[in-house]
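What follows is a set of structures to go through.
One chain, chain A, appears in both complexes that follow, with chain B as partner in the first and chain C in the second.
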Partner chain A sequence: MENRPLEYDYTIAKMFMFTTIVLGIVGMLIGVILAFQLAFPGVNLILGEGLAEYTNFSRLRPLHTDAVIFGFTLSGVFATWYYVGQRVLKVSMAESKLLMVLGKAHFWLYLVVVASVVVSLLAGVTTSKEYAEFEWPIDIAVVVVWVIFGMSIFGLIGIRREKSLYISVWYYIATFLGIAMLYLFNNMEIPTMFATSAAGESGIGSWYHSVSMYSGTNDALVQWWYGHNAVAFGFTVPIVAMIYYFLPKESGQAIYSYKLSLLSFWGLMFVYLWAGGHHLLYSTVPDWMQTMGSIFSIILILPSWGSAINMLLTMKGEWQQVAASPLIKFMILASTFYMFSTLEGPIQAIKSVNAIAHFTDWIVGHVHDGVLGWVGFMIMASLYHMAPRVFKREIYSKSLMATQFWIQTLGVVLYFTSMWIAGITQGMMWRAHDEFGNLAYSFIDTVTVLHPYYAIRGVGGLLYLVGFLMFAYNIYKTMSAREVENHELQNASPMGA
Partner chain B sequence: MFHWLEKHPFFFAVGVFLVISFAGLIEILPSFAQASRPVIGTAPYSTLELAGRHVYIKNSCNACHSQLVRPFKSETDRYGHYSLSGEYAYDRPFLWGSKRTGPDLMRVGNYRTTDWHENHMKDPASVVPGSIMPAYRWMFTKKADIDTAFAEQLTVANYFSVPYNQPVPMKDGSTAVVKLGNSVAEANTIALEEAKVIAADMKDQDVKDAVARGEIPEIVALIAYLNSLK
Partner chain C sequence: MDIAELQAYGYFTLTILLVVALYGYIYHLYSTKKDVDGVDYESYSDMALKDDIDDTPVSPKSDD
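Then we have the complex of A and B:
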């Protein structure tokens, strides 16, 4: 029996940490540009009239959502998997040549996909389905990357020493399976290049174009079954995996309740998939599906809060750490935003509330308190925890981290408060009638009234981006600092003053 | 059971998959066939309209405009009759959108004209003061992709039996036939005939000249599509 501790191999984790940061900056920067375009339409011409096609709001918008979801967040998920996976399974990547090759193939193919997505979306090559905009050649590449990710997960599990799968691994497995199922079914499409005309011509038109296998209402139903659950398995499930690992590690506290984690996991798996219908309330999908979507969205509070409460109770008796450690601050605020966002979502899924909220900025606000407050904070916290262990160097600056925390928190608060007001204002104005029963406002009235809120939102987003740049700088200085750590760190990350 | 599952990753994964998959089966499958039947008055897109729909998608118009009128008085007052499932039977993909930064366009063909769209796409704020919509001037010079629209028509006619070259019942009891070309050349001719009708109502001389030369700028296709939304 060997006595020395395992040496984990973080090569792949480091690569994905790099893309997390770079794509985070890209996605958030585009987000800030979009925000200011809505407040000040002149920003649509930010690179001049000649490039207007590529810088206007509508062309950039899918690039923003995809860069944040599939760039920043997924990279974060991959980076943490290649770190957490080895440690909870007690096996090193270096023990298997195959796993190393798969890991590297995973990274480089992922980069190829990212590059082709950027080019295609800028060129306007899109299927229009939200978060599934990619045309079929890219879809096939995405599936290949995903299969490699799956082989990485199950390969590492296959050679594990720790027989019981830790809670985080459950969530990573679910992420893999959930996205695989959703992505495949939502992107069922027929390339049009195979069509033959009556005159016998084939290969007509552009080779990358395709047409959806589903039409109208069915397409909407499949799309929002996907869209809602891409949020589930991209923004919730893997981020819960992170907090289940990093919070106990950083705080030195054991998870509060195993039973609660069981209930939350299986509950989340079962309930989440039903809730997609809440994107389609008052649409033409059958009424019973809308009601199911509404009801299950409310039930979804239980497993969501189960995880969040489990996290908060993990800190029981150790709350002084929240004041002392900026890293714990990030994680506690993340789980608080998780609770907040998973309460707000179900409220918006109530039919009468949705009648006002749907199509307005309140939905945008909801997405962003979840993504900025929960996903963003948790991924940054994870990378902050990983950095000293991966680079064997002390975190460059604790005070910079604390400053970043407060700047970003302010940014998130400005973001969602302004979007609440904007959304509810617009929703109420759309439905307002005067005393004669005529519509009280023309549509443009409900747009111009939003200007101040759009401006505030832009500032909020900008603050968050500034904080993210501070994060990138802090990590960069950490990895380029002289070597200081020569022992395996246990709990709290070391922090320079 | 859970302890056992946590030591057996394969069965754990099977368990997760079963739990996450049946919501989709129960919600999506039962009404699948019913939900895709067209209502009377809904006709397939012509080649030019479909090319315009591609322009709409290319520029993510759906990022800011919905195509779904909900059954509320405030919406039917503003946009017209609430949406019916069968009206979307030929929409692949659906374009309901999720955000109304601008107004709904489900029935925009009922209350906007070619002339209005032309001015609006060139300079939105000159038509709607205070508008935050960007201008789409490149659509006046870039050419619409008629060939791809034709390929899509062939595909949907083949795989989904979309009724091209067949009488389709209209609301007034008459029937309409949407033509599908026999060849790429014929499809382009059909699209050009339609484009000439649109261009006749437009003022932009470059667009008129282009159509006279047999070319179809994106804006012409887009307006054909927007006019078809009723």
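Then we have the complex of A and C:
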């Protein structure tokens, strides 16, 4: 037997890096198509009348949201877990055959689920629940994948050398537990083949169809408890896990306050789960529940800013790094966008503001400054940091990365500013009325006014996609860039010109 | 007292308890500064900064 020194094993991390990039391109490309469909309806027929069924807005929309949430983001979460987990627990996956088998099973089954989601959604098979469109056979497969992910997490923790769990690991565990709970409860459904109609018919509909176990207001409550907390445990918690590892590591700076990271963690866990009610303001859910949703949304600023400020203060005395390194730029802008969207969200959850904002494009703008500015930037930054270490090569091009940063930043700014203007215009026009209470505008009046902003949004999205393609190219070329020595990988990532 | 009133009192009490627990936790962190193993919380940042596989753990598990 050869006696090689023990090394971290990034096989699984690399596999998920690949799906992060591929599904990111797919999800964002569909997003750009959708944006232009809203501005120019002719794009619905982009592949001709015959294929209009597959290219129209309503068929593609769930593909966009599910590809970026469950494809791009979750792959990024998995990729970083299989990288960060080993390092902060100081144990290699190569030390356990079982963990390697679980990791590979995790990846391949995940890929099967992704394929079945793409096929079924394109075919129009859906439960019609937002962000929970998958029918019951896919739901069961999702649960299996998630259980394997959990076994990987706790398996690695079980054989660790470091006694305490680094703050990022807490966040990864919270992601696992949070999504498990949310997904199970929101997707409680009964296949229609087990149902009997009032007329006594049984075996109704196709075998893969199902109906939710909840109905009416209960359904809405469970749906938005799920929907909002999918944002919590998919777009916030695991991304905070990433920044708590990658920013200190890349900058070589200790976290400004580890104690603040701990209490922000518990603050976030305590508050976030109660805020979902703000999606149902002015609806049929009980008034106290709406008020609770508003109040908890506002309190949520504290733990969110606790983490974000902690990250900005980590750079104290080291701000020249932000100017010098595009990789640090990505992370600092991500943290800034996190602060920004966690301030914007609570503002929108205030009842009087919500009266204008609800159902408008401002909400779409809010989601996108969060996901493009915070989630997207942080996942790309994480992969940029990981690439030299998993490939043992320097990042192909620093200038390409810097150019990408500015193109995407411009894209995000165009996106959210156009949606702010569009949303508030829309909200004001919908509620405008004359002295007798007659509405001042019809729906089509708003569509006409909003057209230029929809076009700007499309351009913003397109710029972000172009930047993402530059990112994909940069990572691809990194695989054949100059080889680096271990000592170059300590903190700041090595980059070619 | 009907069930709704009971729920309201229960909810209020639970909220107060959780708030007290959270503030108690903050007080505990900042007054003790160290965890039960005598490790300063702030030194746990080293788990990320010194994370090569042959680096010394901040608090090795085998010390149990």
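Note that the second predicted complex is superposed on the first by the 473 of 497 C-alpha atoms of A that agree within 3 Å, B and C clash if a C-alpha of one lies under 4 Å from a C-alpha of the other, contacts with A are read in each partner's own complex, and residues count from 1 in each chain.
Simple rule for what comes next: contacts are C-beta pairs under 8 Å (C-beta built on N, C-alpha and C of every residue); 3 or more make two chains touch, one makes a residue touch a chain.
What you see is a predicted model, and the numbers here were worked out from it, not measured in a lab.
Asks: So in the superposed three-chain picture, is A:Ser257 touching just chain B, just chain C, both, or none of them (first/second/both/neither)?
Replies: Touch partner of A:Ser257: chain C, not chain B.
Asks: Examine A:Pro62 and indicate which partner it touches, taking first as chain B and second as chain C; both and neither are also allowed.
Replies: Only chain B is touched by A:Pro62; chain C is not.
Asks: Determine, under the contact definition given at the top, whether A:Leu122 touches first (chain B), second (chain C), both, or neither.
Replies: Neither partner.
Asks: When the two structures are overlaid on chain A, which partner does A:His279 contact: first (chain B), second (chain C), both, or neither?
Replies: Only chain B is touched by A:His279; chain C is not.
Asks: Please work out whether A:Leu302 is in contact with chain B alone, chain C alone, both, or neither, and reply first, second, both or neither.
Replies: In the superposition, A:Leu302 contacts neither chain B nor chain C.
Asks: Just to be sure I read the superposition right, which of the two partners does A:Ala492 touch: chain B = first, chain C = second, or both, or neither?
Replies: Neither partner.
Asks: Give one of first, second, both or neither to describe whether A:Ala355 is in contact with chain B, with chain C, with both, or with none.
Replies: It touches chain B, and chain C stays clear.
Asks: In the superposed arrangement, which partner chain does A:Phe270 touch: chain B (first), chain C (second), both, or neither?
Replies: Both partners, chain B and chain C.
Asks: May I ask you to decide whether A:Ala472 touches chain B, chain C, both, or neither, giving the answer as first, second, both or neither?
Replies: Once the two structures are laid over each other on A, A:Ala472 reaches no partner at all.
Asks: Identify which of chain B and chain C touches the larger number of residues of chain A.
Replies: Tallying touched residues of chain A, the top partner is B.
Asks: Could you tell me which stretches of chain A are touched by chain B in one complex and by chain C in the other?
Replies: 163-164, 262, 266, 270
Asks: What residues of chain A sit close enough to touch chain C in their complex?
Replies: Residues in contact with chain C: 5-8, 87-88, 90-92, 160-164, 166-168, 244-245, 248-249, 252, 254-255, 257-259, 262-263, 266-267, 270.
Asks: Okay, in this complex, where on chain A does chain B touch?
Replies: Per the stated touch rule, the residues are 37-38, 41, 44-45, 49, 52-53, 56-59, 61-62, 124-130, 154, 157, 163-165, 170, 173-174, 177-178, 181, 185, 190, 192-199, 201, 204-206, 209, 211-212, 214-223, 225, 262, 266, 269-270, 272-274, 276-277, 279, 282-286, 289, 292, 355, 358-361, 363-364, 430-433, 438-439, 443-444, 447-448.
Asks: For chain B, which residues count as touching chain A in their complex?
Replies: My answer: residues 2-3, 6-7, 9, 12-13, 16-17, 19-21, 23-24, 27-28, 31-32, 35-36, 54, 57-64, 66, 68, 70-75, 77-78, 83-103, 125, 128-138, 145, 147-152, 154-156, 158-160, 181-184, 186-187.
Asks: Can you list the chain C residues touching chain A in their complex?
Replies: The touching residues are 18, 22, 25-26, 29-30, 35, 37, 39, 41-49, 51, 53-55, 57-64.
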